[in-house]
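Several structures are given next for inspection.
In the two assemblies presented below, chain A is common to both, partnered first by chain B and then by chain C.
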Partner chain A sequence: MREGRVVVALGRRALSVQFRRAQLLMPTFVLPLVLLAVIASGTSAGQGLRGFPDVESFLAFVVPGTIVQGTLLAGLTAGIAMASDIEFGFFDRLLAAPVQRTSLVLGRLAGTLSLSVLQTAFFIVVAALFGARFPGGVAGVLGTIALATVNAVAMGGVSTAMAIRTGSLSLLQSVFPFMFVFLFTAPAFFPQELLTPVLQDVSVFNPLTYVVEGVRGMLGGDSSLGSPLAGFAAAFGMAAASVALSTFALSRRLRRL
Partner chain B sequence: MSVALTLWRRSLNEVLRVRGALVPATVAPVIFMLGITGQFGRLTGLEGFPTDSYLSWVVPLSCLQGAGFAGAATGSNLARDIEQGWFDRLLVAPVPRPLLVAGPILGAVTRSLVPATVVLLVGFAIGAELTGGVAGLIALYVASAAFCAIAALWGIFMAVTFRTQQAGPLMQQGVFLAVFLSTAYTPEVLLRGWLADVAHLNPVTHVLELARQATVAGIEPSFANTYPGVLALVGLATALGLLAVTGLNRMGR
Partner chain C sequence: MSAAVEVQQLVREFKGGIRAVDGLDLEVRDGEIYGFLGPNGAGKTTVVRILTTLLRPTAGEARVAGHDVVRDGDAVRRAIGVALQEAAIDPLMTGRELLRMQGALHGLRNAEARDRATQLLERVGLTQAGDRRVGGYSGGMRRRLDLALALVHRPHVLFLDEPTTGLDPTSRAALWREVRALHEEGTTVFLTTQYLEEAEQLADRVGIIARGNLVAEGTPESLKERVGEPTVHIEMSDPDDGARACEALAGLGAVERPTERAPTRIGVRTAAGRAAIAPIVRALDEAGVAVEFVEVESPTLDDVFVAVTGSTLEGAGAA
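This part shows the complex of A and B:
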């Protein structure tokens, strides 16, 4: 019970620190939307290609890519904030507190989870305002938010593990482009059948493929676009692995102290 | 001038001292090049696409991106120096303030040659075409180096405005947006809606066209394809240079 309160308090702190300097959140909220707009306008001609699924709107087809990109950035933000806490000494003070070490990691990820709920809802609303239609309805939207938050926690776990392992803010900031490897090796913005043959093969092994397609299936209300079950399985698997990785990194860091 | 050269050497030393410092800026554009080609490679099948090799279309974009990231890192490094107090010591030195950032900008331009070259080599190795010959290559390198300097000015402006390393993503993503709100994925004729207008107004579209003289069959090296890019680079450098210097002059006063 007490550990739960610690997690909530740290999660609330993580979120309030993020929003206190709202200008630094701009990239997390605005960049994926701009990329969505760019891709929706820049590559929509691709809808005319043979093999493209019969979807009502190209914008709605690429929204899942944006949502997953948002989860990557929300996750990365968690790592950057953690590295900042380590570099400036706040994390050392937390370590001196009589709480379980795992709660320190979970607290940070609770902030990521809340951020991701806001972010995903924001992306869906903005896309809807610009004409995207989601046949999956309210259930599809709620399922998408749930899947996105699990995925954000998974990505947050990865970046938090890196932050704890290295304690380097500048390293975490340079990780940003690498997060896109996961995005670009999944059918984030184009159907899997229309990816180049090599990427088609690689995408099968990328868990984000199943997350993106799961979101697409739920928002589109069409399981032929992607299986929500496979999406949740992939996201939960990654989340469990990355939280374990962070906790392991923390215990190694403590042994070094 | 010797101050600028000393700080230039310092910024290059950092690359030698910090293991793998160049890796993110070098690997990221390669990843983007491969990723974008993999995602959108089939777009060359659309009528109006000037080349049948999407990789050749994307290589110059990735060179600019790599150079841009290398430039934006100047801002992150400056923010770190500001946070850790090192820059305060430089500010009390009896030298004009623009010289304090001229060295790091030169350092970034030097470093940017690495990602641009690696992207080119990887691109050529997997099938991109060198249609513009030596003239095209020169245009590509000029565009990359100058774009790196512009990204560095942007990063410096952000660093002196926010004075925290947490503004790092803002610096990188500013570059990211500038590059992608252009003809990054497809030529202007295939753009739809608002992006067609924005890309038309975005100076980086012209810089990309300058760079694409190296690898895109439909954009041959010529004065007509060169001068809009050069004008765009000069305009961007002037505007961001003024912002960066104004911010610098405000520091500690």
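This part shows the complex of A and C:
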């Protein structure tokens, strides 16, 4: 109960600070939408290619890519914020408090989770306003939000582990481009069948493939677009591993003090 | 009187074999203000970080409020309040938000944390600024907020690491008042400082640290007494009275005769200090020596510092 209050307090702080810091707000809310606009308008002709799934709109097909991109960036900003706390000494304030060390990690990730709920809902609403239709209905949207938040926590766990391990804000900022490599080696904006053979092989081993396809399946209300179960399995697997990694990184850091 | 902080043979070695703390022993009594004085790089902050569980010692033992800092870190953290050297406060949060968050970290329920935040903002004079983001606070306001944050859970032992560094005199005086008030309420205060005046004004006892070790410890008065006796300086009206004055004062202490550069100035070194003024003036009056003024010069903590470390506080800091 006590630790629950700690996690909630830290999560609330993480979320409120996110909205007060432009350099964290831009990549999480604005950048994915800009990329969505570019992709949706610039590559929509791809829908006519043979092998492209039978979907109602190209926009609705690429929105899952935007949602997953959002979760990557939400996760990355968790690490950036953690590194900033370490570099500027705020983390010491937290370490000097009588709280379980895992609560410090979970509090940060609780903020990421809340951010992802808002972010995913925002992307879906904006896409709907621009004409995307989601046959999966309310259940599909709620399932998508759930899957996106688990994935955001997974990504947050990775970046938080890096932040705790290195304590370097600049290193976390330099990770930003690699997030895109991770995203574009999954069928985020194009069907897996239409990727080049090499990329197709890589995408099989990229857990984001299953997450993005799971979202696509839920929003499209069509499991042939992707398996929600596989998506949740991949996201939960990554989340469990990355949260364990970040708590391990914290305990190592504390041992090295 | 029991010990709030006990340190035995504490060592902290950093990479490259640098010993920031080198076999330190010290004891802080319950309810006292302990001034931990030393130049930059002397090891003050390292000691504070060990005592607040933010750093592990390489060797030795340290107990705070009866708990071992390594084996029972959580109990130590429950008993202490910490305001570190750099007031690490999130500039994007408001003072009230930070206090409420700190309350949650110390196990206060929502309503309790909200009430405590209001009380503390009032206590440190930040009620008006409480709902503003900390990024807009002045240095003094940040320090006061930092102090309030350290007090959220009414700690038994309060660690203040150079709380007034960089503050203007008004902010410094306000913080001193607050530290005195906490002392009156029974809080033990472990205060590190590089300001002699601060140690002298606030501390019941002072420990001087140099190169990672305690080189002197005691009340400010006892430390100064160790260095030497106070000197009563007399400024005479007439330089021709020098010999007569020296003769009259011979029984009252060690007389420092007038010099060519100061032919009207005589000094009397005596343990009596201020109490010697009356007999000195009486003796000079009886000898017919006219006096312009009298002043007492006592050794300062700076003199103590020079005596125990061989350098001034500023000089040692630069080294």
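Note that in this section the second predicted complex is superposed on the first by the 254 of 257 C-alpha atoms of A that agree within 3 Å, B and C clash if a C-alpha of one lies under 4 Å from a C-alpha of the other, contacts with A are read in each partner's own complex, and residues count from 1 in each chain.
Quick note on the criterion: contacts are C-beta pairs under 8 Å (C-beta built on N, C-alpha and C of every residue); 3 or more make two chains touch, one makes a residue touch a chain.
Keep in mind that this is a model prediction, so the values were computed, not measured.
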Once chain A of both complexes is superposed, is A:G46 in touch with chain B (first), chain C (second), both, or neither? first
Chain B versus chain C as contact partner of A:V126, first or second or both or neither: neither
Going by the touch definition up top, name the partner, chain B or chain C, that contacts more of chain A. B
Check the residue A:V117 against both partner chains and state whether it touches chain B (first), chain C (second), both, or neither. neither
So in the superposed three-chain picture, is A:G89 touching just chain B, just chain C, both, or none of them (first/second/both/neither)? second
In the superposed arrangement, does A:A230 touch chain B (first), chain C (second), both or neither? neither
Which holds for A:S16: it touches chain B only (first), chain C only (second), both, or neither? second
Counting only touches as set out at the top, which of chain B and chain C does A:A241 meet: first, second, both, neither? neither
For A:L33, is the partner it touches chain B (first), chain C (second), both, or none of the two (neither)? neither
Intersection of chain A interface sets (partners chain B, chain C): 21
Touching chain C in the complex: which residues of chain A? 2, 5-6, 8-10, 12-13, 16-17, 20-21, 85, 88-90, 92-99, 257
Show which residues of chain C lie in contact with chain A when the two form their complex. 52-56, 74-75, 77-78, 80, 82, 84, 86, 88-90, 92-93, 97, 100-102, 104-107, 109-110, 133, 149
Spell out the residues on chain A that touch chain B in their complex, using ranges where they run on. 21, 23-24, 26-28, 31, 34-35, 37-39, 41-46, 48-49, 76, 80, 84, 169-170, 173-178, 180-181, 183-185, 187-190, 194-196, 198-199, 202
Taking the complex as given, what residues does chain B use to touch chain A? 24-25, 27-29, 31-32, 34-43, 45-46, 69, 73, 76-77, 80, 162, 165-170, 172-173, 176-177, 180-181, 184-186, 190-196
